[in-house]
Amino acid sequence: MVQNVIERTIVWGDLDALGIVFYPRYSEWIDACGHHFFDKLGLNLGQLWSERGIQFGLLETSCRYHQSGRYFQRIKIVTAIETLTEKTVYLSHRIYDREDEILMVDGLEKRICMDVSDSKRFRGLEIPTDVYSILQQAVNS
Amino acid sequence: MVQNVIERTIVWGDLDALGIVFYPRYSEWIDACGHHFFDKLGLNLGQLWSERGIQFGLLETSCRYHQSGRYFQRIKIVTAIETLTEKTVYLSHRIYDREDEILMVDGLEKRICMDVSDSKRFRGLEIPTDVYSILQQAVNS
Amino acid sequence: MVQNVIERTIVWGDLDALGIVFYPRYSEWIDACGHHFFDKLGLNLGQLWSERGIQFGLLETSCRYHQSGRYFQRIKIVTAIETLTEKTVYLSHRIYDREDEILMVDGLEKRICMDVSDSKRFRGLEIPTDVYSILQQAVNS
Amino acid sequence: MVQNVIERTIVWGDLDALGIVFYPRYSEWIDACGHHFFDKLGLNLGQLWSERGIQFGLLETSCRYHQSGRYFQRIKIVTAIETLTEKTVYLSHRIYDREDEILMVDGLEKRICMDVSDSKRFRGLEIPTDVYSILQQAVNS
């Protein structure tokens, strides 16, 4: 199973008044890691959009918070496909402390393939065969 | 059941490159609406923290996205308690278009009562009796 | 001189670990207030873009911070045109506490009129006559 | 003169509806780069705060935007001290495209040394001698 790992350091602007990460920041990182994951597979989402009018939109997201993130903590985010269907791809994102490997947050993004060529009206569609086979290979390898 | 309603207008900075709301923005609004909801009940979370060392931390969040938000769309967010236990309160947040009342996003925050008086180490605790009875009244009224 | 006033309450997610507003949040609000200001003049920037391929892009921004914003503080942001030239419009944004009217932040956005009809390459252009006369009226009235 | 360089890739969540970086994101990165710069000098701002009750607060910020940032563009941010006085340190942050070295944004943060040990009331103070001499060395080296 292909995984992508992104490292980052928690910074001042990620923190809330308690000195721990404000939770919508996790969603921002997770979204970015989804894009990095697709890019790693050779499926840059910017190109998929500009060249083929396709995007993977969000149906549902969820996050469980196990341990608070702190200032200058070094973390890593591990992204992989959890489920693949004809129209959808579910990505799991696990955020770990980089020193002790403790799981801090685990998140899930349920994304659906969309035709976004009409910017006013998006509609779900089956993942194109070539894209699907790349995703399937990422699951099976 | 007590509900709190917050109105807002979607602005430029909420949008992604597709011209629809970037999903972590919903989490930001939902978090804010949670704070407004507590404040409406007379439980301002800033005061609970500074006066009693208590905060309601996040265990889990989830969001389902039904319809994309667009530039200058006028929305409202309706917040209520979904579940109340001795240690936790789950808040539901439903985001609607203000004109046609269509449900755009529904989100859930599972929050746990925490003693945060030691800023280095937070720990779960039972919701204090007076706070619990206010929350229970919000469920039952 | 036409002014637009937007009120808001500082929320948890706006704060940093010191319990005061994290300064890029001011820029987010200021940008939103710029869009509200144009909309008030009958120049909705979303429409200007979709109907005429025009946007007002940023050349330069600056902010001076006089007093820290705190949790649940009620503020207002007053936006007006500071300077208008053939190609540019400078917006001043003053953020006040709503109770005591103390100036907390003052910001400036230098915006230039751009043809953005080619999404790959934007270029500066003179503000169209009808738009310019609306802006000039906002300065003079 | 000591410089700190941080590399990053522009991601989906940084973009606005025009497909270019929404400008408050630059402020977020610049703030983070300020913290990285201090950390590089051995002056971790989290430690300065927790151990000595000191923080470098913002007096003023400004940014000039020369070229738009785009999806998956690889950039670097170069941070250095521009001016050092008894109470203040001004940091310059220059954002470049990593391939062609073109300057995209240059920003300035005017920071003042503050005693923040009383969380309700911050006040400016002279930069402590040991901290000042580290900063001065960063200017002169």
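Here the chain labels run A, B, C and D in written order, and each chain numbers its own residues starting at 1.
Basically, a residue touches a chain if its C-beta (ideal position, glycine included) is under 8 Å from a C-beta of that chain, and two chains touch if they have at least 3 such contacts.
Quick caveat: nothing in here was measured; it's all calculated off a predicted structure.
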| item | value |
| --- | --- |
| Chain labels contacting subunit A and also subunit B | C, D |
| Result of counting contacting C-beta pairs for B-C and C-D, higher pair | C-D |
| Length of the line joining the C-alpha centres of subunit A and subunit C, rounded to whole Å | 32 |
| Where subunit B and subunit C are represented by their mean Cα positions, the distance between them in whole Å | 28 |
| Centre distance in Å when subunit C and subunit D are each reduced to the mean of their C-alpha atoms | 23 |
| Interface hub residues of subunit C, defined as touching at least two other chains | 12-13, 17-19, 22, 24, 28, 31, 71 |
| Overall pattern in which the protein chains touch one another (line/ring/star/complete/other) | complete |
| Of all residues in subunit D, those that touch subunit C in their complex | 17-19, 22-25, 27-28, 31, 49, 55, 57-65, 68, 116, 119, 122 |
| For the subunit B and subunit C complex, residues of the former touching the latter | 9, 11-13, 28, 31-32, 35-36, 39, 44-46, 71-72 |
| Touch list for subunit C against partner subunit A, complex | 12-13, 15-19, 22, 24, 71 |
